[in-house]
C-alpha cells in the first residue's frame, strides 16, 4: 500500500462515475485513450484487494483451521496449514456438551443484549446527533466535548463504581442492566460519528425538497435519512461488535451462569490446570464470530446504497 | 438483616439514598429497556427464617469432579431439608475481579473457591466470614498447613484448604527410569541428558518459569523474602539464595533448550514432541503427558518428586485452592454446613481418587499407591508457598520475577541481578 | 471550483434557535417549542450517559482522592488522602518512562492505522462490487474474530518454538528462524504488538471512512478533476474536508485506544520478552490498580490519563467545532 497504489487507485476509478453506489460496470465507463493505463490500474486494484483480504483473513483462517482439527494436532512442531483429519466434532462438542457452561443460553443472552444495545444506541444517538448538528443551542459545544471526554475514561477503572451502581439498582444478572451499560459505552462514539454524517447532508437538500412540495417530515425521511444509512450501518456494526465481544463488564455485572454472555462463556475454555482444549476454544470462537458476519451481510447493502437513492444526483 | 449474620461490624454497602433516588429517576426513564428482561436480583422479600434457602456455591474450573459435586448437593439437601444447593461453575480468567465485586454485592454467592495465592486478597479485607471457631471441626491440624496459612489473616481463619496440586518431575521412561537421589544428582542427570541428546532439553526450563526455580532457592537455604520488623526483607541476594539461583542458571543454560523468554504454560507439548526429556509441572499434567498423539510419541511419563538437597522431596511451590464463606452470605449457617461436607473425609476422598491432593493430610493415601501417587504425596508433604504478604499479588502482577529469571536464562550475572530484584521486591512489599 | 471546501456549513442559517428543518417529528413551530426541541432530542442520550457513566465517574473521581482498596470495597471507611494518589503516580519514575514509551508506540500505531485504513477505504470506493465485497468480508472477519481468539492465534503465529511464522521462514525460505524469539528484543516486541493492534484496528477505520466517503458527491470530484486537480489535490482539497468530522473522531478514538492498549501487550508479555522494557500505560494501570486492588490509585491514573488525552486532542476538537459555529 504505497502512495503509488493510491494514485493508481484514484486515477483508475475516478471517471467511472457512481463508483460507490453502483457496481462499476467496466463496460459502462466511457474509456478514452487511457484504456491501457486503466487495465494496469484495475490489475493493481485487484491485487491490492487480494493482499488486504489475505492479510486480514489469515488469523481468522487459522482459527477456523484449528477448530476443525483434533486438539492433539493443534500445537507442536508439525504445522498443519490445512485441517487434515478435519471434522466438525469440536463444534458438536462445544454446542451440545452440557457438562460445561451451555452455549445456547449464552447465545440467547448475547443476542438480546447486543440487538437491544444497537437499536437503542442508534435511536438515541441519532436524535442527539440531529440535535447537535441541526440546532444551535447553549451548552451544545460543552455537550460535544463531554461526549468526547467520556470516551477517554479507561473503562477498566470504572468497573468497581459501575458495578456498585448496577447493584444498587438491582440490575445485576439481567439483560436490562448489561444493555444499559453497553448503550452508555457505545453512545458517545455513535453520537460523535453520526454527528459527522448528519453534518455531511446539506440542509439545503431538504429545503429544496420542501419547495418541491414535500412536507418536512417527508423531506427528512426521503432525502436526509437515506443519506445517513451508511453512517447508521457503520456505527451499528461498531456497536454490535463492541457489545458482542465485551468481556469485563459482562463478567462482573452478570456473574450468574444463567446470565452469562458469549465472551464470558468462551473464557470457560481456558483451563490453566487441566490444559486448554484449543481446538474447542477455536470452534467456540468461530461460532461467536458467525452472528457478526450474518448481521453485517444483512446490513452491508445499506452501507453502499446511500447514493443510490439519488438524492444528491439530482 | 437476617439473624445469624455476624458480618463484621461494617454493614455491606447497600446504596445510599442519593444513589437510590438517582436510580429511581433513571429507571423510570429507562423503563423501555426493561422490557427485555426483569432484574433477577430484585427479590426484595426479606427472609425471616434463615434455616432454609438456596445456597450458591462457586467452584472454579473443571477440577472438582462431577462425583464430588453430586455428593455435595445430595448430602447437603438431605442434611438441610427445605434448602437447596446450586453449584455455579466459574472460570479462572478474571476470577479476582469477579470475586471482588460479587462478594461485596447484594447478590453474593455463599461459598466461594479461589486459588491459594489469591487468598490474601480476600482474607485481609473483610470479604470472608471468620470461621476460626470451626477450625477444629473442619479438620484442625490435619488440614494442609501451607493452605491454612494462606487462608488465615491476623490470627483468624477465613478460608479452608480445598485441594492441592503438587509440583513433580515428569520424565520420558525411555531415558530416565530411576529418580535421582539428591538435587545435585538431579542437576547432573539433566545436564547429562541434554549433552547426550543434542537439541533436546534434559529438563525443560523456560526463562519465565519462576515457580520451578523456587525449590532450588529453598533447598539451598534461601528465601524470597522474610518478615523483618513491620516490613519484609528480600532474600534473593543472600549467599544461600545465590547458590540455588546459580543452579537454576546452570540448568537453564546447560540442560534446557526451552525459549529463554518463554513460559511454562504447556510443557507437555515439547514432551510429546520429544523435545523435552523431562519437565516439571503440577501433577494434573499427568493425563496430558500420558496421551501424546504425536508421531514417535514418548510413553507415559515416569513421575518423581523433585529430590531435596539431602534426599527426600524438595520443598516445591504448591498450587491449589481455598474455599471460604462470603461475609455477605444470606445463610451463613447453611454455608458452614456445606463447608463441613466439603471438608468431610467422604468428599475429600473423591479428590484423592481423581488425582488431586485432598485438603487433609490423613487422606493422602486416597491418591492410591501407584508410583505417581507416591510422588505426588511426597511432593505435597513438603509443599511451600510464596511470602504471605497482602502485597505479594503486586509482586506477581509486576512480573519482576519473570523478568529476573529471563535475564538469568540469558546468562546474566546472578549476584548483580539478584541484588537488583531484591530492591524491587522490597519496594513493592513495603510500599 | 478546486476551492471546494466543506459542504454547506449549516451555521450560516439564521442565528436563532433552530434551523428550518428538524427531526422526524419536530415540535410545532412555536418559539419555545423550537427552542426546546434540541434538548428534547438530547434527553434520552443524556439520561443514560448521566446515570450509567456520569454517576460512576463521579465516584471514580472521589475515589481518586481516597485510599480505596479491596477493604473499602467490602465496607471499610475510605480515608481521604488529598492528592496522595496523584503525587504517588506522578512521582513514580516508571510512570514517566511508561508514558513516554506508550506515546511513541501509540503514535506509530495511530499513524499506520489511519494511513492504511484510509487507503483501504479509498480502495474500496474504487473497486468493482465483487472485489469490494471480498475486501469487506475480509475486513469484517478480522473485526468479528473474538479478541481473545485473535490474541491466542497471533501468539501461535509468533511463537518461538512451534510458531507458524518461524516454521514458514525456516521450512519454506531456508532461513534459520528455528526457536527465534520475536519478543525478546523490545523493538521486535513492539513490532509484533504493532502488527496485532493495527490488524485489529484497520477494519473499524476502513469501514467508517468508507461509509463517510459515500457522502462525497461524485459531481464534486468530477468537477475537481475537470479542473485539473490531481489525485492528491482531490484527496486533500475535496475528500478530506468532507470527511473531516469523521476523520477526527476516528483518529481521536485510535489515539485513545492505542495509548491505553492493554490486552495485546499483556498477553504478549506472558509469551515472552521482558516486562520492564515493554510495559505500556494500559499494563501499568492494570498493575498498580486492578491487579493489586488499589482502586484509589487506579482512579487517579484514569484522571491523569484523561487530562493528558484532553490536552493532546483538544486542539483538534476545537478546530473541528469552530467550523460549526
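What to note about this one:
The chains carry the letters A, B and C, assigned in the order they are written, with residues numbered from 1 in each.
Just so we're on the same page, contacts are C-beta pairs under 8 Å (C-beta built on N, C-alpha and C of every residue); 3 or more make two chains touch, one makes a residue touch a chain.
No experiment lies behind these values; they were computed from the predicted model shown.
Of all chain pairs, the one linked by the most C-beta contacts is A-C. Chain centres here are means of the Cα atoms, and by that rule the chain farthest away from chain A is B.
Once the centre of each chain is set as its mean CA position, chain A and chain B turn out to be 39 Å apart. If each chain is reduced to the centroid of its CA atoms, chain B and chain C end up 37 Å from each other. Note: centroid distance chain A to chain C, computed from Cα atoms, is 14 Å.
Residues of chain A found to touch two or more other chains are 75-77, 159-160, 164-165, 180, 183, 247, 267. Among all residues of chain B, those that touch two or more other chains are 13, 19, 23, 26, 30, 97, 100-101, 104, 265, 269, 273, 275. The multi-chain contact residues of chain C, meaning those touching 2 or more other chains, are 44, 48, 51-52, 55, 73, 161-162, 286, 290.
Remark: chain B residues 8, 10-13, 19, 22-23, 25-26, 29-30, 96-97, 100-101, 103-104, 121-122, 124-127, 208, 257-263, 265, 269-270, 273, 275, 327, 391, 393-394, 397-400, 402-403, 406-407 touch chain C in the complex. The touching residues of chain C, counted against chain B in their complex, run 44, 47-48, 50-52, 55, 69-71, 73-77, 160-162, 179, 181, 183-184, 269-276, 286-288, 290-293.
Looking at the complex, you find that chain A touches chain B at residues 70, 72-73, 75-78, 99-101, 112, 116, 120, 159-160, 163-165, 167-177, 179-180, 183, 247-248, 251-252, 255-257, 259, 264, 267-268, 270-275.
Interface residues of chain B, counted against chain A in their complex, comprise 13-15, 19-20, 23, 26-27, 30, 33-34, 36-42, 61-63, 66, 88-94, 97-98, 100-102, 104-107, 109, 165, 265-266, 268-269, 272-273, 275, 282, 284-285, 287-288, 291-295, 319.
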